[in-house]
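In the part that follows, the structures are each spelled out as structure tokens.
Shared between the two complexes below is chain A, which pairs with chain B and chain C, respectively.
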Partner chain A sequence: MTAGAGQVVGQADGEWRAWRQRLVAGVRLLRLELRRSAMVWMLPVTGALFWYNAFRESMAEPAMWNLRAMTMQHGVLLDFAPPVVGAAAWMGSRDGRRQLTDLIGTVPRPRWTAQLATWAAVTCWALVAYCCCVGVLYGLTARQASWGGPLWWPAVVGAAGIPALAAVGFAAGAWFPSRFTVPIVTVGAFFALGFSSQPRAPQWRVSPTVSGAPSIGPDAGIGTFYHYLPDLSIAQVICVVGVAVAALGALGLLDRASGSWLRPIASSMTAVGLAAVVLAAGLAGTARLDPHGMLVIPALHDAANDRPIGYTPICAHAVIPICLNPAYAAYLPECKRALAPVLAEVAGLPGLPVRMSQGAPVYFGPLNSGFAPSGAGVVIADGSSDGSRQTTLVLPDQLPGEPSGADITVNQFIGQIRLPVAADLIKIMVGVAPGAVRVGAVPGAGRISAASGGGSPAQRAVAAALAIDAGATGAPRANTAVGLAADRFAALPAAVRHAWLATHLTALRAGRITLAQLP
Partner chain B sequence: MTARTIITVPADARPDAGSALRLVRLHLESRRVTAALVTVVACALTLRIALRWSWDTYGALQLPLILESGCAAAIGITTGSPFGEPERATGKWLPLLRLGSAITMTATAVIAFAVATLGADLAGGIADVVRNVVGLVGIALLCAALLGGGLAWTGPVVYMIVGAYGLYTDWHPPAITSPWIWPARPPLDLGAALCAATVFAAGIAAVTWRGARESA
Partner chain C sequence: MNIEIADVTRQFGRTRAVAGVSLRTGAGVFGLLGPNGAGKTTLLRMLATVITPTSGSMRLLDRDPGAYAARREIRRRLGYLPQSLGYYPGFTVAEFVEYFALLKDMPPRQVPGAVATAIERVELAGKARAKLRTLSGGMLRRVGIAQAIVNEPELLLLDEPTAGLDPEQRVAFRLLLRELGARATVVVSTHLVEDIGVACGEVALMDAGKLVFHGTPQELTAKGEGHAIGDAPLERGYSAVLAAARS
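So, the complex of A and B:
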């Protein structure tokens, strides 16, 4: 009995020693490959390309986590692809280029094991470079951003893409060990990544360079008011892991000298990897745009992520407090400047909202084109339904300093805020919105315009006059009775107009004032 | 010495036409020009096929640049010699052969792209192709002279990203306007054309005079 137990212990000890020796040998092999990896020489190139492209582009965005992380995800793999794929293909074709394949094929350890160590070394160096690059970008953003924390999913997608790039390059180099293989597979990988980020069939959203709905891209309103949805990122990670597994499996198929046990494993890996890619593409094809600007994949969606993010607003004290999400703290002075003339018109009048808060933009429209965020307008939820008489302000989707397309100036930004807010405030106060202020109106917002015949003529005239005086619109057509009355009312001294409104606003709102009764 | 006679070749002797053709053929074969030509034709065909799909503005402009970079990398690789020092010591016509093969390959790439894009809507047109191919080949040749034929691809591939981002900044300011990033400039921009031509001339001169570095 004792001897038997001793035998069992001895056998287990022997197995452990064998495993330990294999582990030590594997670590030694990896260390050797780490020292000799071509990726080491590519590290400065990788850093320079990241700085030139993804870093500069991301840092040019306002200091908001969502904008910078999503911009980074779009560019980072395009920067890493050529050096990583090139180095991996170079290392993969090393034995073939130097005519060492037969010599190395005679060693007892499977060739696949040694090749995996070489691939792992390239991947390790590339991941070190990736972590450093993304770390610098996130570190600087952490110092500059006024609120929020890092978005990890875009970084995870990029990190998962690195082993896949290395595996594709390595497998191509090992299969076709020619010096032409390296540039062909490098340019091919860049071409494929660039091609996949073009607006195409919905399944192409699985490309790791796509950081959101293709027609929206990085937008300030995404992930600020509601949680950043990881649905698409999960599908992308499944896809790139599948690519890596398939490529490494294909590498194993190359090793014909290692016995019959290797080929089934390698074939299974290739099949599983390809199945994962197909699955991920299929999942991405089911994505739909949610009202918060992100892509929902029903099979991967967690309803807990639909909750709004809690935050303590940051407020500027004007006639009424103007409060924004703290992520937009840098834009509070512009908001105050934009709203001061409007609020001066309605200060002290009955029915004035007690506070103006920022609301989340609503995104709608098809996924690939024609999207229109509600950011250009103002959504009035209900001026008084909850008893707080809170007006909701939605900032324009283009922010000053954001280098995407429109390149909006501060004055344009102020104008875009003032126009819809004036319309909404005047509607709350007078009962009708000035007809001219309909730019960027959101379907379903329930505005009533003078042009549509809503409200009494006196209400429309006062609304137009207030809008003119607040600098929110030009003068209405003076050849109509309403236009003449609006001109006359707008020409009054501000104090007189304000006093008249304080006295007659309730009657005006009820439709009991005629045009002739306007001063 | 077992040879009965020693034939002395005059220093200014010129090969006859048959020998010259054979020399050119052997030189091109030793540089794997066939594989490079296949790569060039494959890139041109890929461009032709890709132009049938729809691309956004960035994609339409960046697509030719990517494939031109592939061609340039292949041309740079053909500068690598498998013979090394013996060829250098005895190859009297070697500089001329290098010069001729580099220029011929560049011209072939331009013609391949021109033929492949006939009747297609190519952003930038053929002027853009000529400038980009010439400049990228110049970079590849310089890389070959500095790093070796096997690593000549590094320059065009890195420059591909530089150029692609330069094109991107045309819509996303601040724009990169240096003529040294010629893919981002208009097709007929003189400064960009001069920069590309300068790089090509430098690359041709380096490869003609020194050949590709032999360590790689």
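So, the complex of A and C:
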């Protein structure tokens, strides 16, 4: 080896040793800060806020991963914001409040790196608290949920938001080391997050508190049949990382005692961070609603995520098998209760489907990002059939026990399943939907209005009678010839009615039976 | 020479805190005397590289503090005790000193030993695990001295180091100063002239931002012969020089 090469190796070795020393010193600084961070005192407060808000709200949802994870994402940063921002602002203002700025300004290590260690300690404790809180929530959900696994993206967005909250609080505290900074920044961050969770413009969807399409929110059908799309989550992570980088860059701008090398780095960080926020907001603005209820951001979308999730359905037998996605296992008894009377009416008749399987809800319509009530602007197909012998069952978008819903009872839920399925089934069997006779007698009846109309008077009367008898609709009846015939047919004993249908169903479908020929 | 400053001024708005001070000094204890508002603290802050001079030239430890790399090197070899020492109340004595040892870029392996030594030297070994919020004012001052000397500085700047120390501690501190001054430049800014007389080999007196005396304590004492104001000979010298400067 030549002397020159040896010198280069020695120089590299020296540089490596210096870096290692700096790293070890950084770790020791962090260890000191971890021991004395104000965030430690905020941990019980954080836990209590999380329990009071996000935990209780999420756990009140049915035990489905999508509902709980999305509800958690909406609330968790609002719970973490006050203690994390407050503690970070307190720690950020520490040197200024404690009159240590001069002393810290005389050390060779840039003040910025010392501040980063302090910020990192706050962030570490906050992340520990976050992981514990989310861990408990996910752990309980894992024990209760009948199927599926954790949705990680909502948790990742929250986790990425914690360093950003700490960075904003810390930078504010460092820039304005006044005793008023902590309360002002704490309250400000809470309201800013709360404000951003109710988006007025499409770009506001980038707020980490927005989980999914604002006009739909957490919904049982999202992420159950098709993969949970990470598009919006990725934009949100870009945004919060940008906020954190910008805030930490702003912190570096404060350090005037260090060399001139720091200023361009800090300025660049601030600029890059702000650019990331703008980019993320722009991306969120391009989002559109996909048929599976999630937001697609074309620039971030991976088509591989569009494939359906495979599952083994769970089934109950009521004339024919009724099969649901295993995530909905808890609702199988209600589905059976809802469908058994309808299926009993048509059991054994020609054309009866061999099986009824749950299908994915379809979300369509304009994506309303404003202040509209939940569901406005989005139409959810709650029943469909293609005339094949395998009928698709789409459950209502609101499940019993969902606090965010319209407090739907089990009986209402059963009614909401029974009505559209009865309409579809009767239409398949008789050739006309019962809505042709009457619309709006029970809640949700309006949903079958589109299927009404057409068919012979006898078909309409039989369809109405079957619907009445299956409990899919009820009295009073219209005082018309069709209504009277429907009353008469419905009043027949079930066995008689069934026997007549078995004999005359083909002729009825063909329109060859008149009202007078109905028994 | 560890400190070489020439015609240094520092202005805060219209106020000229330091006006054309020139000074050269090497190893040893250097006393900086002067009444309130004389500019001692501002001069010390400039020497500590906290603030830069408005004009004039400055070399510390044979380096130009205007250049970042040199300034960083100076700071590695610098110890500074500000007039009003801030502290983190939740830190223990050992943690506080360790914190500054790490910020002073000391090799991490040497830090625990250096911290223990520094705490020992200020006679706080028994309080190493005590939180700073539980300490008296005098003890806090000693913690400040410990953090200043933890890196074995070549240039030690102490602003009112004996404020709050009891007589016994002051005696011990003077011994420490002499020990430190054997191989480093120690600049002590104080109102207490007796500290200067015992511990310092060189003394300077500032008034209205200017250096009005620079010499040995004996020379300062000599200036006070025949002067009426002051209980001790050095105090009389101090008063005499100030009176002459103001007249």
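Keep in mind that, in the parts below, the second predicted complex is superposed on the first by the 466 of 519 C-alpha atoms of A that agree within 3 Å, B and C clash if a C-alpha of one lies under 4 Å from a C-alpha of the other, contacts with A are read in each partner's own complex, and residues count from 1 in each chain.
Keep this in mind: contacts are C-beta pairs under 8 Å (C-beta built on N, C-alpha and C of every residue); 3 or more make two chains touch, one makes a residue touch a chain.
For clarity, every value in this text was computed on a predicted model and none was experimentally measured.
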Using the superposition on chain A, decide if chain B and chain C clash or fit. fit
Which partner chains sit in contact with A:19 here, chain B, chain C, both or neither? Use first/second/both/neither. neither
First (chain B), second (chain C), both or neither: which does A:104 touch? second
Once the shared chain is lined up, is A:45 touching chain B (first), chain C (second), both, or neither of them? first
Once the structures are superposed on A, label A:36 by its partner contacts, choosing first (chain B), second (chain C), both or neither. second
Across all Cα pairs of chain B and chain C, what is the smallest distance in the superposition, given in whole Å? 8
For chain A, what residues appear in both contact lists, the one with chain B and the one with chain C? none
Report the residues of chain A in contact with chain C in the complex, numbered from low to high. 21-22, 24-25, 28-29, 32, 35-36, 94-95, 98-109, 114, 257-261
Would you tell me which residues of chain C are touching chain A in their complex? 45, 48-50, 68-69, 71-73, 75-76, 78, 80, 82, 84-88, 90-91, 95, 98-100, 102-108, 111, 147
List the residues on chain B that touch chain A in their complex, please. 32, 35-36, 39, 46, 50, 53-56, 59, 62-63, 66-67, 69-70, 73-74, 77, 80, 149-150, 153-154, 156-158, 160-162, 164-165, 171-174
Using the touch definition up top, name the residues of chain A that touch chain B in the complex. 45, 49, 52-53, 57, 60, 78-79, 82-83, 86, 97, 178-180, 182-184, 186-188, 190-191, 194-195, 198-199, 403-405, 407
